[in-house]
Amino acid sequence: MVTDPGDRVIEPYVETDNSVETRKAVSDGLLGIHNVTSNTFWQFAAFFGILFLLGVVGFVMRLSSGFDDKAAWGYYVAVFAFLMTTSSAAPMVAIAPRIANSHWRRPISRAAEIWTLAGCLNLILYIPLIWLLPSLENGRRSLWFYGQQEGVPAYSPHIWATLAIVGLVLLGLSLLWLSTLPDFAVLRDHGEGWKKKWGGKLALGWRGTSAQWNWQHHRMGVVGAFYFMMLVFVHFFISVEFLMVHVPGWIDSLYPITHAHNALQAGVATVMLTMFFLRQFGGYKDYIGLDQFWGLGKLLLALSLLWFWFWFSSFNVFWYGKKPSEQAVLELFVKGPYLYLFITIFILVFILPWFTMIWNPVRRSIWGPPILAASVLLGTLLDRIRLYVASWDVAGKNMVSQLEMKMSEVPTKIPVPEIADIFIMVGFIGGSILTFMLATRLIPAINLWEQKEMLLYKAEVQFHRTKVTIMGKSR
Amino acid sequence: MVDSNKWGMVVDVDRCTGCQGCVVACQSENNIPINLEEHFNQRRAIQWIRIERYWEGEYPDVKARFIPIMCQHCGNAPCEPVCPVYATYHNNEGLNVQVYNRCIGTRFCANGCPYHVRFFNFWEPEWPESLKNQLNPDVTVRSRGIMEKCSFCVQRIQRSTRESERDNEVLEDGDRGLNPACVNACASNALIFGNFNDPDSTVSKMKEDAMQEGGRGYRLMENLGTDTNVIYLKKVDGSVEVTHGY
Amino acid sequence: MQEHTQLGQKQINEDLLKGVLTVPKWWLPAVAFLGLVVLTGLGAFFYMVYHGMGVTGLNRPVMWGFFIANFVFWIGISHAGIMISAILRLTQADWRRPITRAAEVMTVFSLIAALHTPLMHVGRPWRVLYWIFPYDFSRGIWPNIRSPFVWDPSAVGTYLIASSLFVFVCLLPDIAILRDRAKKPIVKKIYAQLALGFRGTPRQWKLQIVAGILLSALVLPVFVSVHSIVSWDFAVLIGVEGWHSTIFAPYFIIGAIHSGVSAVAMLMALSVWLYGLDKYIKPDHFDAIGRLLIIVATTWFFFFFLEWVYALYTLESPELALRELQAFQWPYAPLFVLFIVTAFVIPVPMWLFKKVRRSAALMFFTTILVNIGMWLERFLIIIPGLVRRTHMTFDWGTYHPSIIEILIVVETFAFVALGMLLFAKVLPLIPLFDIKEGMVNRRLIKVGRRVIPATIREGLPHHYYEKKH
């Protein structure tokens, strides 16, 4: 700390309780909860496992229907996009508060990071999509500007999208591993059985020296920053290549950002629900408290309000200008066959969170924010269905070389989902949850080292007539 | 007599010789300020109807193409919703009208117009003493700071409507007292004015004929969806594929 | 916030009230000069009113020029106040304390500067009241709610009122201090009226703090909507190339945060140099604002890139012609290069180095560059689109700003500077009570061999953190 000579008031300081005993107590407490697996857990895991099997069946059924009828793949892509928005954005709840030095993130950052593993599941869903994307040869609009004329390879979009999505998953896995590294070492040293074995394998000689800690913190920061940038990049690609190019005349420069923002909102909602279940059923009642729900609740409220702003920015410009091509796009997604679906989404994702979470009693409670998180997640799922099913329905009409869509070409009905689609939706969402649950058997659901680190920063002092908790700021 | 009118124009580009007679007629009818050379150099000349001249081809096969452009009186006018003081609005006869008294000169409407037919009085208009007697008493003389544009000579429409009601007569299609000054002045009858809501009027018949598949009719910048009340007829040329009409 | 000088209340009072109770040597000449510039600008405005808009460089099709670019620029700068005050207050960031008031006051003055530009740019300024006030009661004609130009005064007006309230609520304790120190009876009376009877009782403090937090939360939606509405002045039009883009709302806002926070960094450096406040604004503060600026600038650059990508994505020839004009043709090409270089290419890589971030001089230099770049950005969004529009090449135009426009633009800068200087003479530029609160709430924790600052966890009672092992 820099000291200034002259005119200083002497400042007393407090020592934090960072003794080995206290740290061991924290570690043992958490490990104790981690090592217990109840029967209910296996029952739910079995349930989600069955759902996942249904999902695999649906996946095979969908594959067998072939790649020619693009309109039939609408629901499939919607599920892929939904899983991408929720599971890939969840780690942001770990990354962003770390940069902002917010201590309330400590109990929930691991849960947020574990959701990356569901991203691996999403990769399986992604593979058939590579065949579904139209190449640049038929004169469609694309991010690659002039397409064939400039010597751009016809399969550029496919290559870039694959690189981006695979890159995102790899970055997420790196982040998860870096974050769990010290905890694997704890498992190796204090765990039993298969956890001890696998903890040892994954800990790679972690000893907890200063150099190792510095390295770990630094890499986590860098990987986190790159993860965020890659996330925005991925959403940029998905929203253009899988959504906008299929609807001629849908030129919405804001949409990649809207898509990324919806992902952040859904990610926060996912983590909110996860921590609710961890608290109520996972035995972590003493670790996940009101602070976490309050902090995430504020974030959820702000993001829900922003949802409206992003949607309205696009809508206003299209609606006001009255260009026929844009009116057709609005008819497709908002005013036409999807009107009631849109109103439902609007209420679930914006109106409900806004009118409930502005009230302190709702926001500052254990039950309030999770209910709204469920509402947001349901709304996001419906929103993805609305956008992707509508867009691929138009894609099925093979208008991709046109520059504009006429009002008469707008579909008038919502396509009905087939059995395969329902299986895929239910199955892969269940499969993601199953992945999370199984992962928590090895990876502790609450970050041990972050909780121990909190001991370094936390102390109790007397403030006038009461005792208050003070939290140190490392920067 | 129809219940409500929808005034519009058909412009036959094939007949336009670029003589600028319509421009002069409009200027004298509507008290448009005199455009000196310096106004043209400053790009502030006011011409409610202007002849745009485009050169095509390389020497010696150069051709000049003329197209008269005036306010299109769009059904979906982009200039109308943006005026903060309602100085421009759509009346019930299909005209996009400009209320000079209300205009405060924000120039938002001028930016909205894709056809660039809105003009702003950057300077206070000046007429030499002798020309002041020539000003049309039926038309407001605008001061500086006001937007103006073609009104389809709304003063002539108003007068003809009044007179026909007074005399209990039907408003005739193509009546020279009703036509805007530019339509009357055009020596080659390139401009035709009339009521689109009257199925028997010349403009209605021409529009119906020309807007069919393969016809000569088109609207300016149709993809913007402004729903103009002015229909243009393509120039008949070897290069133009016309399969219907004349 | 590691660097800190723990000072007593008496010392804080002396240091921070110095600007009010004494007149620095440079103050009078500076005010006189700025006043002269403002008067010249007003003189130019009256010249324009007398002779007509023809004295500007505006023409058909370029109906909006320097004035509107300036308007958007000042609205942009005004967003800094909210960013620093409201958001940093709600996230309990301690490093905001010395800079909130300067940022908020700059917001108020830049909003006034922004508001007087559209009033000046209309053709008949003496009728401008029609814009906001319904003049024709007998015919029941109200201002046109569908016009973005009517949304503008509503939004900017709301923002101005909210910001002024915010400044005032946070000023109350400091006005009370000045009231108690004032010697001349008339001065004492004025401060007494303004202080609204603030005595520092617990109830008054509680109300003041709650009011500050409420205003912070409520002004955030205004913050988002104001610049969105200003951007919709352009985005709703289909007739101008490059304007009809949905990204305009967030793009303008992030640009506003970029230029606004840079302006706050400039103010910080000026406070340290002109008022000798280096015990309060430390290199750590510059470091914190520098790190915020890196994130904001990079986000802004991404939005700028997105806007360009989508312009080219449309494959429409008028749009492509516009971009060619903006980036490759005289006179916009060198301005474009200058803008990119000053707004991003020079500052951001410099800010990546801690040494640059901690130096007041280098931060001042880089943030001036940013603001030059951002003014040019507004210019490059507005004018090239108006110059080259649509398929009708016959109507393509040019634009050359006249001396009148330049003088009026300069006047707005002088106005804001003058306003800040006059304010600093009458009321303290750094909030005393905020600094004292920081000193009082400050605790230290020993972590290993280091002693780091710690904040009291606001909000929940401490027993909630006790874990039952």
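To keep things simple, chains are lettered A, B and C as they appear, and every chain counts its residues starting from 1.
The rule we apply is simple: contacts are C-beta pairs under 8 Å (C-beta built on N, C-alpha and C of every residue); 3 or more make two chains touch, one makes a residue touch a chain.
This is a predicted model, so every value here is computed, not measured.
If each chain is reduced to the average of its C-alpha atoms, the one that sits nearest the average of all protein C-alpha atoms is C. For subunit C, the chain with the farthest CA centroid is B. Centre-to-centre spacing of subunit A and subunit B amounts to 57 Å, using the average Cα coordinate of each chain. Centre-to-centre separation between subunit B and subunit C, using Cα means, comes to 45 Å.
Between the Cα centres of subunit A and subunit C there is a gap of 34 Å. Contact with two or more other chains is made by residues 78, 81, 224 of subunit B. Residue positions of subunit C touching 2 or more other chains, listed in rising order: 236-238. For subunit A, the set of residues that touch two or more other chains comprises 320-323. The residues of subunit A lying in touch with subunit C in their complex are 1-2, 4, 7-9, 11-16, 18, 25-26, 29, 100, 141-143, 145, 232, 236, 251-257, 286-287, 289-291, 294, 305-306, 309-310, 313-314, 316-318, 320-323, 403, 456-461, 463, 466-475. In the complex of the two chains, the subunit B residues touching subunit A come out as 76, 78, 81, 223-225. Of all the residues in subunit C, the ones that touch subunit A in their complex are 1-8, 11, 91, 94, 221, 224-225, 228, 232, 235-238, 244-250, 279, 302-303, 306-307, 309-316, 442-448, 450-457, 459-460, 462, 464-465, 467-469.
Residues 51-54, 56, 58-61, 63-64, 118, 121-125, 127-128, 130-131, 141, 143-144, 146-150, 233, 236-240, 386, 389-395, 397-398 of subunit C are the ones touching subunit B in the complex. If you check the complex, the residues on subunit A that touch subunit B are 320-325, 327, 404.
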